[in-house]
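Below you'll find the structures, each written out as structure tokens.
Look for subunit A in each of the two complexes below; its partner is subunit B in the first and subunit C in the second.
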Partner chain A sequence: MSAPDALLAGADATPPPPWGLVGFVETAPHIYRTCEALRDAGYKKFDAHTPFPVHGLEHAMGLKPSRLPWIVLVCGTLGALSALAMMIWMNVIDYPMNIGGKPFLTIPSYVPITFELTILFSAIGTFFGNWGLSKLPRYYDPVMRHSSFHRATDDRFFVSVEAADPNFELARTRALLENLGVKDVEEVAP
Partner chain B sequence: MNHSSHVGPDSEYVGKRLAGTVRIVGLAVFLIGLGLSIAAYLTDPDRFSRGYLVGFLWALTLALGGLAFVMLQHLTKAGWSVAPRRSAEWLASALQWSWVLAIPLIFLAGRAFSLWMGVHWQGDKDLAAKHGYLNVPFFAVRAVGYFALWFFLARVFVKTSRKQDETGDPSLTTKMQVWSAPAAYFFAFSITFAAFDWLMSTDPYWFSTIFGMYVISGCIVSGVAAIALMQIGFQRARVMSRVSSIEHRHDLGKLLFGFTIFWAYMAFVQFFLIWYSNIPAETEWYTHRWFTEAGLHSGWMPWSLALMVLQFWVPFFLLLSRFPKRSYFGLTLGAIVVLVAHYIDIYWIVMPNFYTAGHFSWMDLGGVFVPAGALVTWLGVRAARDPVFPLKDPRLHEAMSLVNL
Partner chain C sequence: MSASPAQAELAPGAYEYDQSLTLDESPATRPPLVLGAKNFHDITEQVSDIVERRTPRPWVLLLVAAISLFLVLQGSLYRLVTTGIGEWGNNSPVGWAWDITGFVFWIGIGHAGTLISAILFLFRQKWRTSINRAAEAMTLFAVACALIYPVFHVGRPWLAYWLFPLPNQMTMWVNFRSPLMWDVFAVNTYGTVSLLFWFTGLVPDVAMLRDRAVTRGRQIVYGILSFGWRGSHRNWLNYEKAYLILAGISTPLVLSVHTVVSMDFATSVIPGWHTTIFPPYFVAGAVYSGFAMVMTLMLMARRAYRLDNLITIRHIENMNKIILATGAMVSYSYIMEFFIAYYSNDPYERFHFINREFGPMWWAGWTMFTCNALIPHLFWFKRIRRSILASFIISIFVNIGMWFERFVIIVSSLYRDYLPSAWGYFHPRLVDITTFGGTFGLFFSLFLLFSRYLPMIAASEIKGVMPEANPHAHDPTGEHATHGPDLLEAAHVRT
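Up next, the complex of A and B:
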């Protein structure tokens, strides 16, 4: 701790508890084994950060199926219903017009817009639902404090374990990770 | 060739028992159909001719769907589909013999196409205008052309794939990829015109330019359904389970779902434009299928509804989620519903042109049992002869390691 930092923090301040532990392994099979071991040790709040999608990692991590399809289903249904409601209200109630001698309430002519709005709402639901589930947008994630985290987009497979996990215990978790062959295990601040 | 009687996850062949069962079932359906056909022909030759046309085209479109699947996979250089591709090739290989089932139609055509073939077209302004295209000699020449083209295309893809089983030469994959692009053009145009000739001309006054695409969408969706059923059958029999797994079923389910929507898109677009422009010569075709002359609901209205519900709504909601696509029951149900709906589709195109009452007759059963039985028998024959997946395809490892995220 440099002198100004010590002054700012106060003489008797203890360092804040870490957000968690972050380290990396060097191969895809290794990250797979690491995640399986963490899963089997009962950890829930841990994550893998890989340069490319590692198929089957969600099983190794013990992740539950995503809730995103349900969000999309609700959004798509809302899209279809709002399109129908909008057109029926406009064409039947608010401003009925005779177009080609067709009845005011004509389901076939509503189909294209209903289709489009179903797709649009589903797409928006997918996009922002994904944001919501991933807790986006935010400026940074604590894992980025690891000194070589930039290599997660290149050639290293990172694993992070959050201190918020009930199983987390700094020394024990660090030992577990190191036993699994995880390198450069660092404590990162929140 | 090692035709081992032991069948397991590593076996390259379906096994004699399963292939034999398929052949016997197919043959039984064929023979029952033959009996029904003879009885139907003696009872009402007109009805039987039309029923046979429907049944023949149902089986033919399945085989064409198989060919479409094979070409599509080569066009896109797909890796996952190597596992189910042989099933599609078996379906496509039926095209080499489909002309045999068309022979009865030489004698039945006058009845099946009775509204333009051999009638007094000179006295009819519309038919006279179309006579340059809709005349018997040109119709026959075109039919020979379609069968020759499909014979050739099926032979190219099936033979080459079988040759690769022996040699393992990766350049054969390149050859099939090169072929697939021009083949897709010829395939699409041939089905478009075959659909005009064999389906649309049953009502020679009506026309729709998107009709070919509508029939192609039916071909592909029913072809995928048949391939899915074959994969389910192999997996249940524990054949090639190391190659074809739940992941391949899932992908076939996605294709089935997607092409169901494609069919609905085509069906709706065709209906929508005709409904909107509201020209009597065009709308008449749909009016027949919903209303009687008096404006009441006709006997074809339930058929139209059933088509809409079974070919789109049921498979759509059934296969929307991931779980039914991955379950044996969900995918089997979806595929069977699509295959039944595809029969309803062709029946619904042909029959209302001849009959105002929309009731199904036992006489139509013979017409579908004969081609369906022949197709199933042929699949059994191929299954006894060929490996159940392309043994030495360079992308086989890709198919085996398929995982859906």
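Up next, the complex of A and C:
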């Protein structure tokens, strides 16, 4: 917490509790083991911030698989059904047109557009579902307050533990992180 | 910094490559995908430097040239719209000519980008990471060029939205039984999905540029484009799933797009068009032409931005193998078309294929056959596959050959079909030529701007395929699960 913030909060007020602890390690195997250790110590509200997806880190962190496929399944189904509904309603019910004496309801000729709209709806569902599940875009996140967090997209592997975690205890969690070899463990403000 | 047991085990330098490693493919010793003793930071520097360095003079000159050519396109389209579609040489009996040729040519180019980003991803071809971003961008820009043709061929482009099923005062709807209608949906879906896929891939790398940004403008623009990405593994989990799903749905999509394009022709009754081989033949040809364009572009970018360590001879050889494979499919299709024409006993079909190679447009037929079905077979020789100069020259031949393929299929089928009294010939007019040349201006303008302002190499993906990205790199036992409690125990003892 910086000096002006303390002044604003009032001289006699106790500083507000930090959002959590953030530090980094320098290799992929190291972040993997750090996450395993945090998971095994019972932490739930912790995260890893890495420049690329470290393979299998979700197992080390004890995360459940993404729910994204269900969103995509719903969107894709919706795409197929709306394509069929659109074509049948427009070309068979609302304004049937006699073209070369062909039947009005011709399912085979509806296949390509049904297929394309299934893909289109699935892709849109994937795109927005992905960002929605990750709560992005967002303007700010407390982990960004760490003094070298800009290297999380470069070559450092950050780990953050939230104070909201029931196991969190400032001194003990800090000692655990430091003993795991996590460097520059900093308290970050919310 | 205190040395914990974990760190002692992870001594730096342990991952350095043997510089003398050859690039020969051998199942026993896979060559590295990135050459030189590179670490993650070096990749960041190299990829960001392309964007952050002072504007290179040659880039400015190329951009000026590309934009000039783009202005030629705008002028041609202005002339076309104000005078009429007759400014193109299309006329009965050749109602489709350079316009649809250009459309199919550009859509086909795009297919390689999707193949690299989706199909090679599903096949776990990790070498794709060096070229996929640029190839995906190429897809988008090629689709943009392709869309110009149908939009302007409607004659009154401000009414092009009539292609969509929208309510109107005549209460009529579009005809969903027409393959041209299928094409509207296929190409628009393709463009949209390619854009979403490309943008999703860009976010982590734009975040990298944001975190390095020194100017206010870059901080704001890259800050907005990166969506507040902070590499959280909880986000990566959704992100990787999204990437896999997008790859999974793009794969059938890319096959369907050129299938539908081929149905524009195959569902008609014109000799030379009315064949069932068209869908696979068109898809193979699309990938083939697209890979040739990727090769042309990447060899230029590799030279200009000194990317030799990221785009290695191995990458070039792999691309050449795909060009060879798809080229072989195209060669097979050409020969099969002739065989089926003979075997069908249909006099019109037979006449068409004799006319294609020996009629008044014999030169187009033979250019197509030579460039596509003969020259690429030089890639059977390893020395040619691994020669940069040969790869570049052959890729240009394929680009030319594939344009001629579309021209031959479209024009030589139309100018002499059933009734000799209705035969004609096709001569391109000036606006045909300037329109097609101008699309290259649009394409290269977009590509140059992209290479300058966005990360043209997928840095986060390259980092992910480097040996030190493996979280179990230093597990002699391979039983990583046991490490957690051990380390935890050690940590608690000292707490």
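Brief remarks on what is shown
FYI, the second predicted complex is superposed on the first by the 183 of 190 C-alpha atoms of A that agree within 3 Å, B and C clash if a C-alpha of one lies under 4 Å from a C-alpha of the other, contacts with A are read in each partner's own complex, and residues count from 1 in each chain.
The working rule: contacts are C-beta pairs under 8 Å (C-beta built on N, C-alpha and C of every residue); 3 or more make two chains touch, one makes a residue touch a chain.
Everything numeric here is computed off the predicted structure, so don't read it as measured data.
Once the complexes are laid over each other on subunit A, subunit B and subunit C cannot both fit and instead clash. In the overlay built on the shared chain, the residue A:G101 is in contact with subunit B alone; subunit C does not reach it. Of the two partner chains placed by the overlay, only subunit C lies in contact with A:P29; subunit B stays clear of it. The partner that reaches more residues of subunit A, of the two candidates subunit B and subunit C, is C.
In the superposed model, A:P69 lies in contact with both subunit B and subunit C. Within the superposed three-chain model, A:S109 lies in touch with subunit B and with subunit C [touch as defined at top]. Once the two complexes are overlaid on the shared chain, A:I119 sits against subunit C while remaining clear of subunit B. When the two structures are aligned on the shared chain, A:G56 is found in touch with subunit B and with subunit C.
Using the contact criterion defined above for the overlaid structures, shared-chain residue A:L136 touches subunit C, although it does not reach subunit B.
The residues of subunit A shared by its contacts with subunit B and with subunit C are 53, 55-56, 58, 65, 69, 109, 112. Per the touch definition, subunit A reaches subunit C in the complex via residues 26-33, 35-37, 39-41, 47-58, 60-61, 63, 65-66, 68-69, 72, 76, 86-87, 90-91, 94-95, 97, 99, 102, 106, 109-110, 112-113, 115-117, 119-120, 122-124, 126-127, 129-131, 133-134, 136-141, 143-144, 149-155, 158, 172, 175-176, 178-181, 183. Touching subunit A in their complex are the following residues of subunit B: 268, 271-272, 275-276, 278, 320-322, 401, 403, 405. Those residues of subunit C lying in contact with subunit A across their complex are 1-2, 4, 6-7, 10, 12, 39-41, 44, 165, 171-177, 179, 181-182, 185-186, 188-189, 192-193, 196-197, 199-200, 204, 207-208, 210-212, 224, 227-242, 245-246, 249-250, 252-253, 256, 260, 263, 460-461, 463-464, 468-475, 480-481, 483-485, 487-488, 490-492, 494-495.
Here subunit A touches subunit B in the complex through residues 53, 55-56, 58, 65, 69, 73, 100-101, 108-109, 111-112, going by the rule given at the top.
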